[in-house]
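I have placed the structure first, in the form of structure tokens, so that the comments after it can refer back to it.
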Amino acid sequence: MIVDCAFYEHGRRRAGELSVAEASRACRQDGAFVWLGLFEPGAEEFEAVTSEFGLHPLAVEDAINAHQRPKLEVYDETLLVVLKPVRYIDHDEVVEIGEIALFVNPEFVISVRHGRSSPLKQARQRLEQEPELAARGPGAVLYSIVDRIVGDYEPVVEGLTVDIQEVEEQVFSPGRHNPAERIYYLEREVLDFRRAVEPLAPAVERLATRRFDVVDPELQPYFRDVHDHMLRVNAQVDQFRDLLSTALGANLTQISVRQNEDMRRITAWVAIAAVPTAVAAIYGMNFDHMPELRYAWGYPLALASMVIVDLYLAYRFKKAKWF
Amino acid sequence: MIVDCAFYEHGRRRAGELSVAEASRACRQDGAFVWLGLFEPGAEEFEAVTSEFGLHPLAVEDAINAHQRPKLEVYDETLLVVLKPVRYIDHDEVVEIGEIALFVNPEFVISVRHGRSSPLKQARQRLEQEPELAARGPGAVLYSIVDRIVGDYEPVVEGLTVDIQEVEEQVFSPGRHNPAERIYYLEREVLDFRRAVEPLAPAVERLATRRFDVVDPELQPYFRDVHDHMLRVNAQVDQFRDLLSTALGANLTQISVRQNEDMRRITAWVAIAAVPTAVAAIYGMNFDHMPELRYAWGYPLALASMVIVDLYLAYRFKKAKWF
Amino acid sequence: MIVDCAFYEHGRRRAGELSVAEASRACRQDGAFVWLGLFEPGAEEFEAVTSEFGLHPLAVEDAINAHQRPKLEVYDETLLVVLKPVRYIDHDEVVEIGEIALFVNPEFVISVRHGRSSPLKQARQRLEQEPELAARGPGAVLYSIVDRIVGDYEPVVEGLTVDIQEVEEQVFSPGRHNPAERIYYLEREVLDFRRAVEPLAPAVERLATRRFDVVDPELQPYFRDVHDHMLRVNAQVDQFRDLLSTALGANLTQISVRQNEDMRRITAWVAIAAVPTAVAAIYGMNFDHMPELRYAWGYPLALASMVIVDLYLAYRFKKAKWF
Amino acid sequence: MIVDCAFYEHGRRRAGELSVAEASRACRQDGAFVWLGLFEPGAEEFEAVTSEFGLHPLAVEDAINAHQRPKLEVYDETLLVVLKPVRYIDHDEVVEIGEIALFVNPEFVISVRHGRSSPLKQARQRLEQEPELAARGPGAVLYSIVDRIVGDYEPVVEGLTVDIQEVEEQVFSPGRHNPAERIYYLEREVLDFRRAVEPLAPAVERLATRRFDVVDPELQPYFRDVHDHMLRVNAQVDQFRDLLSTALGANLTQISVRQNEDMRRITAWVAIAAVPTAVAAIYGMNFDHMPELRYAWGYPLALASMVIVDLYLAYRFKKAKWF
Amino acid sequence: MIVDCAFYEHGRRRAGELSVAEASRACRQDGAFVWLGLFEPGAEEFEAVTSEFGLHPLAVEDAINAHQRPKLEVYDETLLVVLKPVRYIDHDEVVEIGEIALFVNPEFVISVRHGRSSPLKQARQRLEQEPELAARGPGAVLYSIVDRIVGDYEPVVEGLTVDIQEVEEQVFSPGRHNPAERIYYLEREVLDFRRAVEPLAPAVERLATRRFDVVDPELQPYFRDVHDHMLRVNAQVDQFRDLLSTALGANLTQISVRQNEDMRRITAWVAIAAVPTAVAAIYGMNFDHMPELRYAWGYPLALASMVIVDLYLAYRFKKAKWF
């Protein structure tokens, strides 16, 4: 589905939408380029675009089939950049991962989006607000999209940070929480996030350090800035993994400790119940000569001795924190 | 055993099969090549092929003895490529790993297959359907086989993904599953799969980036595409290992928690059984002066007190989720 | 907020403060430079500085927004160095991490500080005490700040060392400590510290080995010395992680052992309580012909046998260290 | 001790043995070389060889003192190659590791062997059977020894594979095995094996890729083949370590599970024993008015109720698999 | 404190000691050098040496303050080498780590020693015994010191090996050892040892492979030999860590198994004590019609049945190895 087809001239978007054919002709002008936005295009639909703009069949295949790694590939003058926009769905503690393929050429940008999360609109708005950026051509479009996507990593990192803090509290709270399952699934989300994020860093580094026709040298510090941001996110993701793995180990320890506490509580109650039973059993013996049995105070004294011993035990257990 | 001996001229297969000697002569023509397919050939049988096509004895040895690593080796004009086709046998949760050795030369392709799983047939069919691909010569044969084999990784990855999800559910389900054995054997399969897959990536990268006589430069983006696919699979295999290792740890935790629950249940029942025993023991004492024993209501009251205390305990245990 | 604006001439600070505009003019002299110190400047406030000194907008953005990684970036003649001063708050076992961005140019140093911990004052004092150092220009300012910050790592390392030793003692003391939570949070602090420290090492190495206009070659051995110091800290941080991870595992073992001890104590008490109950139950039977019941010494003998068996058991348990 | 001193001329061994002095003179001829085999030579004994053949004192020291790492060192024209032949003693699950130092020079090969396992004899026989190989000079001797030693890794790998499979079965068998000790010692053997094997791979790679006077370029593919074999072994050794580490974790889980089963069995028996005791205690009370006590059927009914409740409990426990 | 000030001429030490000033003059002769040995010098004391020999202030600072990493730094013609001599104090299972800083220049060697362990004396003796080595100048002094220090690693490695073997035996012995604490502290010593050893290897490799004025090319194979020795030690240290980590895991398993055994013993005793109690409770009931109570053989039969059932249980538990 064609979502948008915009024509930029010297950094400003010309009003109205063009057809694909018009766009492909218009973009050959100097200082002009076209940004064609597609959403989950079918094979036939994309066929027209492909032939109009002369895209490499392999690149096209990568763009149509989602499930690519983030990457940067060079097909003659055209760059293929695959990006993974992410969104943190806090309610489910799930990182939603989309996919965007970009064809970037001195004359055009073609964006192919899969999945719901879309940072393209915001990138578009930024370009319209900063025409001096847009005037740097398709490389600036690429920058504004990559910058947006990497900026969107931040809320994911924050969401995961908060969830890990919650898990920490659960692990070490005195209550009987067992966040093992939550830790496991957070780890899985962190791993998924990492797979979406990590391979992009070297791609962006190439944009920052090597020469490409479509990337204005003045833009390179901007890509370096984005790259730096990615390294920061990667470092944090690695820390998440270390923390979750340690949390899993600590959780096992906490559970063991609680088991131990239950154990001691059992001991305490077994001891307390055993005292009256043993005393009573003794006075339940049928010996002929048990003088205590004849005393009027025998029974109350027996009961009192049970109570006193049990109270003493209870006091000791309380003091030793076995209750 | 010679399985097939096909002669390709300008991308089209000429009908009929040739003998090895005919093939070795025919392939010297311009724009022509031979694809000779062998299945677990014996030493003598392969001897004829070796001398006819002038293969290096070491390469021949590697091709006859299975149990090689995936690799790419250059013997003058001839490449030796060892590949590991894989197949996931879902029923047994086992990755079946075969072996294919390819001799690729501007004039011929000789494929030597070991084990059942064979992607060669499909590669052959693809070449016959896309003569413009076949017209690029033996390099295209190599590409179509590698592409097929790497494409076959996908169902293995999917099968493992599904099995790991099942294991996750078992680990965290309330039932008394202990998938430790399954986790262990899945890990072993993942490790086997990795050993079959990982060493191939740098070999394919060399095909994508360095110059070889048998590989048409136009084919290199195709190899790069396959390489990218492999990196994706490798990343997923690494994630499998991380997940399985975390799952093993989480499983231990879950089992500990269940142990703890049993523990508490024991405590509860011990307490409930101890109450009537202790009360009854008291009224079983033989003191002369135990006025309660004389009351008509003594016995029913004693029974009632047992029941009431036990019901209260049961209520408390229920509330604390010890039952 | 502008904290200080100092003008250095041939290594000596000229008395009095300059306005930003004066400073920007003054620093163009030979052998002179300006050090402008800012504290959490607002966007507008920084705007004036930016335009006066011609700073790159991206570098400015990095300096205003804290939460950067330590890094060294080159914008034409100006270096942007982001540093993370640290301070160990022993009471909370927390590593407090600040942020300082430095713009270093042959003519000026602009320092932008975030957070409380500030090593800038000490660096300033050192420069005033060693005019021959200050005479080497802005590179010397950079050195004295980096040296100060890296020197401040030392108390953090020492604080963590002490805390880890305390944890070790807790793990292996006979008392019922469970330092799992403390281990976890120490690990988190170590990871935070590492993230603040590790990325700086390659940046300082670049200052020590590559040529920069603002860094006098005579200063390079000083940067190498600082780099060496960082490697030492990094090695120690890695060791902290290994120790904490091993301590977590050992802690689980110790807790298991104590559980085992409780277990054995339970066994002991159960046995001791069971003896009188069983003996008493036997003599509580109602058989007509139980001769012992008739003897005058029957009762005292029964009691004595209970006591003797229990004392023997207690002696055995004591000897086997079950108590 | 001099074991053998053979003189090869154009690939064929000349009959008879030479003295060291004769050998050192004879080997200066074109197309001829000497292979001198020593077994744990003493310092004085080796002194003669050293001065006769002009070996470097450091190399000599390495050859006399065993406990070197596998390595390749170049002393002018002479290579020193240290190799670790291995042998798997299945009965003790121990990897026996020997040591062979080789001095390889265009004119001579001197082999110094320590320990029992010796692949030298087989290498010698192979050379005598393949004179065209021996005709390539001392490099061929080096190849045939290295090839033999690396070939001998195979049975070790197979032995370890079998033992690890046995351990797997023990871990997951229902019986009460605890193979923790076996896992630990297998891990130690795997680590020893790895230390003997891993450092050799880069040494052999150098023989396969760099130019040495003593190594005929035609031999290089053979060294590459050996190198490939080593990579295969290394990959398998890494997998052994992963498997053993996972097996140790899984073993702990299995033991925990069995503990849990014992736990539940305890619960079951405690419950079953508690029922008759509690019922009997009730009817052992001494209330005057307990009508059941007076009925002729009271006693059999009480016994029956005990049996019925216990049978019901036993049925429930059986169903829940607590027995 | 100046320990020794020796003057070497053509490899031979001239008798008598020189003052620092004499030494600094004497060493300017051809073929001569001075070795000045200092022990924990104070700042002022070292000042004289520094100015006399023209040492770089940073290098001096490194030499005075201990707690450096092992390293090699080049200050013009002078090398600064920091070394960590180690000594294993078997009684405390502690690796004692000292520090030696060496200034090596074509004209002099200045050694600055911290801590007790000192290999300098032995290095000095060796030089006096091998004048042909000493004749190679200060580089030979450096070699003899490094060789000595690295040689001293050997007893540490052996001491650790023995201690780890003892730990293994404790872990797997049937007795109730819990070597977790010992494992932890051994790990800490291994980590300390590693930090002292590992960074030296690349420094020594530089001495073996790069050109330095003070190192005679003929000495380079000697440094290579030392480097090789270090790699061997490093490999062993890595193995120590793997073994200790596996031992910690195995130890937890062994403790769990013993817990399980105690568990089963509890079960057994609970069952054995429950039998007489239950039987006795039954015959303690007060039913009017319990014919057994009237029989003369009732009581002995009841006792006999208790004993028989308990003996049977004991036999069963014995057979199942629960005792």
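In order of appearance the chains are A, B, C, D and E, and numbering begins at 1 in each one.
Going forward, a contact is a pair of C-beta atoms (placed from the backbone, for glycine too) under 8 Å apart; a residue touches a chain by one contact, two chains touch by 3 or more.
These numbers come from a predicted model, not from an experiment.
Asker: Would you mind naming the chains that touch chain B and likewise touch chain D?
Answerer: Where chain B and chain D might share a partner, there is none at all.
Asker: Just to be sure I understand: going only through chains that touch, what's the smallest number of steps from chain B to chain C?
Answerer: Each step joins two touching chains, and the minimum needed here is 2.
Asker: Chain B and chain E share one sequence, so how far apart are they rotationally when you fit their Cα atoms? Give it in degrees, rounded to a multiple of 5.
Answerer: 145
Asker: Quick one: chain D and chain E, Cα centre-to-centre, how many Å?
Answerer: The mean C-alpha positions of chain D and chain E differ by 26 Å.
Asker: Which integer distance in Å separates the CA centroid of chain A from that of chain D?
Answerer: That pair's centroid distance is 41 Å.
Asker: Got the chain E residues that touch at least 2 other chains?
Answerer: 249, 252, 256, 259, 263, 266, 270, 277, 281, 284-286, 290
Asker: By the document's touch definition, which label belongs to this structure's chain graph: line, ring, star, complete, or other?
Answerer: Basically the chains close up into a ring.
Asker: Around the ring, starting with chain A and passing to chain C, what order do all the chains come in?
Answerer: The ring, traversed starting at chain A in the chain C direction, is A, C, E, D, B.
Asker: Mind listing the chain C positions that touch chain A in their complex?
Answerer: Within the complex, chain C touches chain A at residues 56, 58, 61-62, 67-69, 71, 73, 75, 178, 180-181, 183-184, 187-188, 191-192, 195, 199, 241, 244-245, 248-249, 251-252, 255-256, 258-259, 262-263, 265-266, 269-270, 273, 276-277, 280-281, 283-286, 290, 292-296, 298-299, 302-303, 306.
Asker: Over in the complex, which chain B residues touch chain A? Could you list them?
Answerer: Touch list, chain B to chain A: 168, 171-172, 221-222, 224-225, 228, 231-232, 235-236, 239, 242-243, 246-247, 249-250, 252-254, 256-257, 259-260, 263-264, 266-267, 270-271, 274-275, 277-278, 281-282, 284-290.
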